[in-house]
Amino acid sequence: MEFLVHIEQDIAPDMDPDRLATVKAAERVRGQELIDQGWLRRIWRVPGRRAVIALYDVDGPDELHEILSSMPLYPWMDIEVTPLSAHALDPMHS
Amino acid sequence: MEFLVHIEQDIAPDMDPDRLATVKAAERVRGQELIDQGWLRRIWRVPGRRAVIALYDVDGPDELHEILSSMPLYPWMDIEVTPLSAHALDPMHS
Amino acid sequence: MEFLVHIEQDIAPDMDPDRLATVKAAERVRGQELIDQGWLRRIWRVPGRRAVIALYDVDGPDELHEILSSMPLYPWMDIEVTPLSAHALDPMHS
Amino acid sequence: MEFLVHIEQDIAPDMDPDRLATVKAAERVRGQELIDQGWLRRIWRVPGRRAVIALYDVDGPDELHEILSSMPLYPWMDIEVTPLSAHALDPMHS
Amino acid sequence: MEFLVHIEQDIAPDMDPDRLATVKAAERVRGQELIDQGWLRRIWRVPGRRAVIALYDVDGPDELHEILSSMPLYPWMDIEVTPLSAHALDPMHS
Amino acid sequence: MEFLVHIEQDIAPDMDPDRLATVKAAERVRGQELIDQGWLRRIWRVPGRRAVIALYDVDGPDELHEILSSMPLYPWMDIEVTPLSAHALDPMHS
Amino acid sequence: MEFLVHIEQDIAPDMDPDRLATVKAAERVRGQELIDQGWLRRIWRVPGRRAVIALYDVDGPDELHEILSSMPLYPWMDIEVTPLSAHALDPMHS
Amino acid sequence: MEFLVHIEQDIAPDMDPDRLATVKAAERVRGQELIDQGWLRRIWRVPGRRAVIALYDVDGPDELHEILSSMPLYPWMDIEVTPLSAHALDPMHS
Amino acid sequence: MEFLVHIEQDIAPDMDPDRLATVKAAERVRGQELIDQGWLRRIWRVPGRRAVIALYDVDGPDELHEILSSMPLYPWMDIEVTPLSAHALDPMHS
Amino acid sequence: MEFLVHIEQDIAPDMDPDRLATVKAAERVRGQELIDQGWLRRIWRVPGRRAVIALYDVDGPDELHEILSSMPLYPWMDIEVTPLSAHALDPMHS
């Protein structure tokens, strides 16, 4: 089941740089795990913003919430989830 | 260059059913062409709405506008385009 | 999988009364079927509005879209779907 | 009398973890009390957000305000209340 | 139980004047009945708009919806209902 | 001249409790004065929010601003004022 | 008592030109009357829009509503009224 | 004096094609005149929308309104004007 | 050239009172200078808000920005500027 | 490929003046580099706001994000990017 996920990061400009670097490094590691597990299928930056748009493929809303709230940057994230249903034309739709 | 495209269709409930069927059939044909050309990579329905979210891969905004305005349902569409930039973690990003 | 569904009906005041009565009667029949199938769990009116809030329990977004778009009043509906994930305290959550 | 209640929690990422844990534990206890009293009928998480949607069954707006403002996390909550009126089709409607 | 009700009227400028006069006359009669029944406690115009703000005192959301949807102008109305709870300072609060 | 006044209070969860108690006590005293003067005619809580809706009867916008800005909680308030004009049906309208 | 009034005109492009010319001529006559009476103190166009911003000086909201709803174009107008209170620095404030 | 002008065109899908073609042809002629006069400096399409963004260089808001309201498609346009002031870094700023 | 300027002041309730008094005194002095120069023609308070609406008469957007950013309270201001064009009926329009 | 970029700066009024001066000086240097490289074609102030509107000419969204996020003031910026496609009338369009 696919979900489109829009994530805005709200990080104060005066956040301690070391702490920020630590959290961002952990975020990259966790992001790679989500890809390796097959949950995170695509991820893009929104140009000019501390924001990403991501395509998740998960069992359902419960698993999606568990995954999103496991991210190290989660406390700084404002997340909007859009459920997606299949379109007959979609090349990935069997 | 990828763009996320959100399309809402605004079709009056009393539109002539024959005309609507004709336009929708032409829309499906055109949609398949866009897929065959490699421009339309993914397409989903937004559940409960006459709306789709689509992922396009095109040369740039000029080609994207040409493609979107070529759709038979274009006069009934309200379209929002989001430019996307690459994210280092993206599995499709080389 | 539960979804909260907010439906606004946009029916022109000068719609033909017979046609409206026919569509509304069909809508009630279809609504009862959705309840009998176990898909439509709760439904409320929003006081003062031609709007309802409904709680659906379905397999996923695909089935939800199929159900919502099968309603006789669908062409006059503006629908917003909110995916729900389980909360540990929920009395219906096992 | 049923009300749909949407609650967003606005907790700063740098809130003291001990204080947050204490408040959250109290919140769970209070939530269970609201369920045991029959006021809180359903509660869901909004996937990806520090937000819940809840269905309350209370005497009226006065009791609802008393209940909501009694929650330990209330000072961090942004709450929107939607009054609900009965729908003839509702399975719970007698 | 009191509710604040904001009503915007959306009447097309080219609506047949006779029909409009008939509906408006019926609306005044119905409004007076609501006052005589003790349901409609206060009503104001919003200056410059085809809008009113009204204070209703009813049994609950069910009765409120029944009353509002009984108004002759209801098909042309866009209504927002705000539930009110008692404030200790309110002069009308016993 | 009546005005509908919507007041949201924005008080940080970590405001010093003693200071908050002092300001709230002063607010209640000032609120009672406004009632005794005949300016504050009705006041309600918005259920679930640190917000009130109030009905003022004053000489005009100048007096209203003077009154609202005299409230001890004024620095924490976000206030929206709606001017009201008389409706022929209003029971309080002579 | 001064009010700032923002008026958007919503006139369909296919409105009968003769009728539109008649209404606009009547509007100009009425506008001049409002100026001669001292009610309409200033009026500007919003560049690029079928909109005006106007400064009215009237007895209060009742008179303002009477004046605004007397305008020949009133059925096509969407009007927002902002009450103004005196500022000590205002050159017109005595 | 430069202004940024955002224009959305709201043309009904069932507008008579001949009339539309006539108006669009006149629009192109007028657009070229505005360029030749030096008023219209840049113009872009917003991809996927019947919208343009334009940069005008005019004497002031009066001339700008005169120019915009002279366009054949003006009755179908929704226009937002943003005034611009000079930035010291601007390459075109002397 | 006239501009309508809406200014909201966002001053934290716990700002140092002495600093606030100093800035406000400087603001009044600067406001009087703007009036004496003929730039600030009218200024009103928005009742219930830390906001003013002002009418400026300046050479153009460059001068307006210079004036607005020269105000001592500028760092705490959120300002929206509306350009105005002349209306044939305006009493001040020659 | 041209993009219209709207940048709002959110700088706290109590930011350390020396740090602010340092960052602003670095911002000016970086801005001049972007101009010298041919990426930043036009830049304007929005009168009354700590905001700029800029016209960029870059290879695509990836380069645009790299450029925007390289600006010294980037952590304090809220940026909205609008992709632009060519218009046949544009004087700069060959």
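Per-chain residue numbering starts at 1, and chain names A, B, C, D, E, F, G, H, I and J are given in the order in which the chains are listed.
Keep in mind that, in the parts below, contacts are C-beta pairs under 8 Å (C-beta built on N, C-alpha and C of every residue); 3 or more make two chains touch, one makes a residue touch a chain.
For clarity, every value in this text was computed on a predicted model and none was experimentally measured.
Show which chains lie in contact with chain D and also with chain F.
Touching chain D as well as chain F, we find E.
How big is the gap, in whole Å, between where the Cα atoms of chain D centre and where those of chain I centre?
Once rounded, the distance between the two centres reads 43 Å.
Averaged over CA atoms, how far is the centre of chain E from the centre of chain G? Could you give it in whole Å?
From the centre of chain E to the centre of chain G is 27 Å.
Could you list which residues of chain I touch at least two other chains?
Only 3, 45-47, 61-62, 64-65, 81, 83-86 qualify.
Check the chains against each other and report every pair that touches.
A-B, A-C, A-D, A-J, B-C, B-H, B-J, C-D, C-E, D-E, D-F, E-F, E-G, F-G, F-I, G-H, G-I, H-I, H-J, I-J
Considering the complex alone, what residue numbers of chain A touch chain C?
So the residues of chain A in touch with chain C come to 1, 3, 60-62, 64-65, 81, 83-86.
Quick one: which bits of chain C touch chain B in the complex? Just the residue numbers, please.
The contact residues of chain C facing chain B are 3, 5, 61-62, 64-65, 68-69, 75-76, 78-81.
Hey, which residues of chain A end up touching chain B in the complex?
Checking each residue of chain A against chain B gives 2, 4, 28, 31-32, 35, 40-47, 52-53, 55, 82-87, 89-92.
Applying the document's contact rule, which stretches of chain D touch chain A when the two form their complex?
That would be residues 11, 13, 45-49 of chain D.
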